[in-house]
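Contents: one structure, followed by commentary.
First chain written, first letter: the chains are A, B, C and D, and each begins at residue 1.
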């Protein structure tokens, strides 16, 4: 049984962490911080937790956090990096659900997040927490940069295509048409997020540029071992009038070699031992509701035209795209069963 | 570990039973029937179950069901009563999620369900499965009539008011203005149920009469020990554009004695030991999402005018209003922990 | 062709006024104010208006407003009363869509709106703009207090019951269980209003007391000519996960006389000449979508139990419940056809 | 004033035609047919029409239809082609909202719609009713094949790129990632369409092939004058949990020439005189709600990467994507103002 702290417990990733960790067999949540709700019971704010916890919010107290074995930061970008060094010095591990430890490229970080990095040295040792692709590194990590939601769908959706004997795809051709539920924007009083502005409506956003673009590029470079070839891929996110759920439709031009391979089989082999990545049978159409509340990503493949691959990749943005993957990473870091606390079945309907 | 059968595994209560039972520590689901999907894997129909089961649908085979310790009927009204007798003879217990064993009054059953009852003798021994109110009988029961969703909100919402030293309420004054998500209508190809007919829309239905009215009346008679005084209560259900969730707003005229009592305290005492009934603090407004996917019913009380009580009672219609309560009843019948398999936290947001 | 000004053009009632007035044959909108968007084109903020207007927002300039024949205030409570006197002096009529001119009872106004009334003398001459019930006064009015959305459904839903030869209902028995779409809360950056807090969710709110309660009481007193008998009626509003639409389910105890009357016929006669009030055939269930975008209120009546009347009353909260009724009142004030600019058919589906 | 008939008045395109035509200044709807609702008032089925019409459904009677100046077919594929010849002989014009007169390629028609064409000769003279692109032909047409909803967004989204002095785009690179509200699937009792299967959910469908693919290909061939170069474009439709609305995100590789052109300017010039096509300012993100209920298509352009164009194209699938464009075509055919009956402003929120 380890002791866990959560910094930033009033947002959607914070409450989702609680939903998972309060039922985790190896974990005790002992600290839960909030800048605004100090002293308030968390189940007063989130009645769904009534009967499951007596936790109260506290101000961020670094000494209390140091007593934890691991601290999750479910905070805005820029918070975790202020505290990581001190926590590490106290032998407390850090999982940041924001972007502080995702990008190794400091220039890109500063460009897209508008701030200087507070601890480049810590960043160097941080591990990018895409659990399936970086499992061995995660097991030994002290700091995890938990991936962005969109990048998770893209990496798991494309990873099997790379590091093959032959070059299967034309990297510069990749187009990611992504769609997310509204909870991805967080729990914030924002006019653009109110119900009547989003219900019964659909739109693209961030077409000219989105923070997850550099993260996707860097990640694909790492996966493929190829630098510079992904810079001009297209990534266009859209907002879907639903609470949870994310689907990326990914278009890739295949090489002759890629066209010749049985990609369905390739993917099934690649993910054969993975608990949380599901390659669906040919002809399937993964629905976001099939993973609602579950730490699961589902993939389906289509070749509707010669040398054209379409990958459909779905997840719950708050689970495999955020809190669930963070717990999965914690499980790896502490040697727990990888699916401890993550066995819940998606809520359908 | 008991062996469980589910008759009717393609509807929403069927798949919800699976979601709960597949993660139940004391249960193995061995039989799952469907009239139309014989031989098909259930996770082909409901991909949310992929990775959690290899079950396939089979035709209803009574000999296979007899091997089970308990059989759930997640079928239309009239199916369970055809098979109950034979199952009981084989020492297999029965939990019917339809109405076959809810009403003891055969005339009412025939009037509202348009069919003759097939086994009145079995019905006599059947126990009405409102877990909290009939717990001791349920423990010894062989046949359970699992309550309707609306009646569950009403009974738990009103039970503390009866069987007190004094008469607290005027029974004939009760008005139940109930609201349900669309999944309550089941998984059926029906024009009235399609998305574009229900989204961004609200309406009442069944105002002139609804099958749950006689069930509510009979149940309140049993709870209060008073016959004939509830016949003219009003019950008006409405359809809310949401998938899951049910809220009953119940209006009651208080007697002078009722007006003098601390009803908040009365309710809190009454449900003090209940795991699945939550009396919220005064001033609360229970939201359906606070119980999404959870076997939980939450109550709040208001006295906005003299001698007028307003009870707000919410649940997930598919869980505490159907499959969850059925599992709770099974737990009672077999001596399992009452919350075995039912500890999941509601999905919020 | 009259000249119209709108104060407060960035909220939902403001843009709904524009949607209606820009296609009104007798009206030219010349002034549109906003505290925050001075100089911005309105169709930049609301692209639905592109191609229909070149209007830009301006700061509130009383001299510009004085040039208008009528000014609509689609502002928070307390704005219209600051400017009404000066506008009236310039012979500019005023229609306030907030509460400044709804309640004649100053004490109630101060209690519920937390402010002193700025112009009690103007208030005395103001006419409560429930078009169908106060038509003749509205024709001669200079200041209109446009009714609240809930009170509109209640008044039109109950008006035929009063001022009959006999007493048909027990006034103190009235219970209004009301349900509204989310747009009724306005276009404001509020955490409680964001999509993920409201979608797939249902709740009551304001159970302990809501500003529309005193308005309903005062209005029913005026309609019935009876003072003091409505003080303890119940009014419980609920929030429905839909954008537009409002349904009030109203419960009334009938007297013997009321039980003997053909109420369906009474209602049909009462509203026989009304363009915007539709008494539906017996057995109907009015849906909010049947009035989406239309200046229409539909009523259905049920007597499910002896001496109990249930009235279902639906409207689009932004049209007949706000901007549409405001235009209807303007039409009356200026002698236009009552349905000028209001002939649009509801958007279904 | 012309006389209009509608065949198939119980579906969503039928009732949308009624919504538009009942307020059209130059039209009288005299015939409305239904196979199932003969004799029923249309406003009994669609209460949104109460007060606007006394029309009743009738069986399809060809002699009654012949008395009309124009007949709209809002029917399944294959109905219009059975009656077109006889109507034309009676000098009655035909607008088919299904696919009978969209594809000139009979092989494609038979392949995708699974039926032989009943009147190839009529088809030869039929005009494809994309109003803006075929205006002059439509004015003289007797039979209109009203375009599919998806193809409308694609053609208007791409038309300005073709028939320029230089080749601006690489035609084989076109990828159309399209998203539609659920009403596009029609008003049919289908399990896949029910509320609880679609709400709070997102998925792709028809990835392996969709009927609108050949229509898009043929249309782009006609627009560009180039045969054979569009055969392998990708078209992937998705289902959005909203009632109305459609957004196509279209990806195009630009040639060097295309990269050099000011495409924003090119589009604005191309559509400068169009009432119903709106090229939004650079940087805009068109939302489906901005055209809810309006006969309007909005376009925005992005060049997020070198030589890559992203076109966003939105419409209401039932209006500009179906009934609205059909009325626009009728206006052209009969010399009415092109926007007669089509001036309604979109319903926002």
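Assume a contact is a pair of C-beta atoms (placed from the backbone, for glycine too) under 8 Å apart; a residue touches a chain by one contact, two chains touch by 3 or more.
Keep in mind it's a predicted model, so treat the numbers as computed, not measured.
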| item | value |
| --- | --- |
| Joint neighbours of subunit C and subunit A, given as chain labels | B, D |
| Pair with more cross-chain C-beta pairs in contact, given C-D and A-D | A-D |
| Cα-centroid distance, subunit C relative to subunit D, in whole angstrom | 37 |
| Subunit B-subunit D separation of Cα centroids, rounded to whole Å | 46 |
| Distance from subunit D to subunit A - Cα centre to Cα centre, in angstrom | 39 |
| Multi-partner residues of subunit A (each touching 2 or more other chains) | 12, 181, 183, 187, 196-197, 199-200, 241-244, 286-287, 289, 292, 349 |
| Residue ranges of subunit D in contact with subunit C within the complex | 12, 15, 19, 22-23, 46-52, 183, 187, 199-200, 243-244, 275, 278, 280, 284, 286-287, 289-294, 296, 298, 318, 343-349 |
| Subunit A-facing residues of subunit D, complex | 175, 177, 179, 181, 196-197, 199-205, 207-209, 232-234, 236, 238, 240-245, 247, 249, 251, 283, 285-289, 292, 302, 304-306, 308, 310, 312, 314, 349 |
| Residue ranges of subunit D touching subunit B (in the complex, touch as defined) | 12, 181-183, 187-191, 193-200, 241-243 |
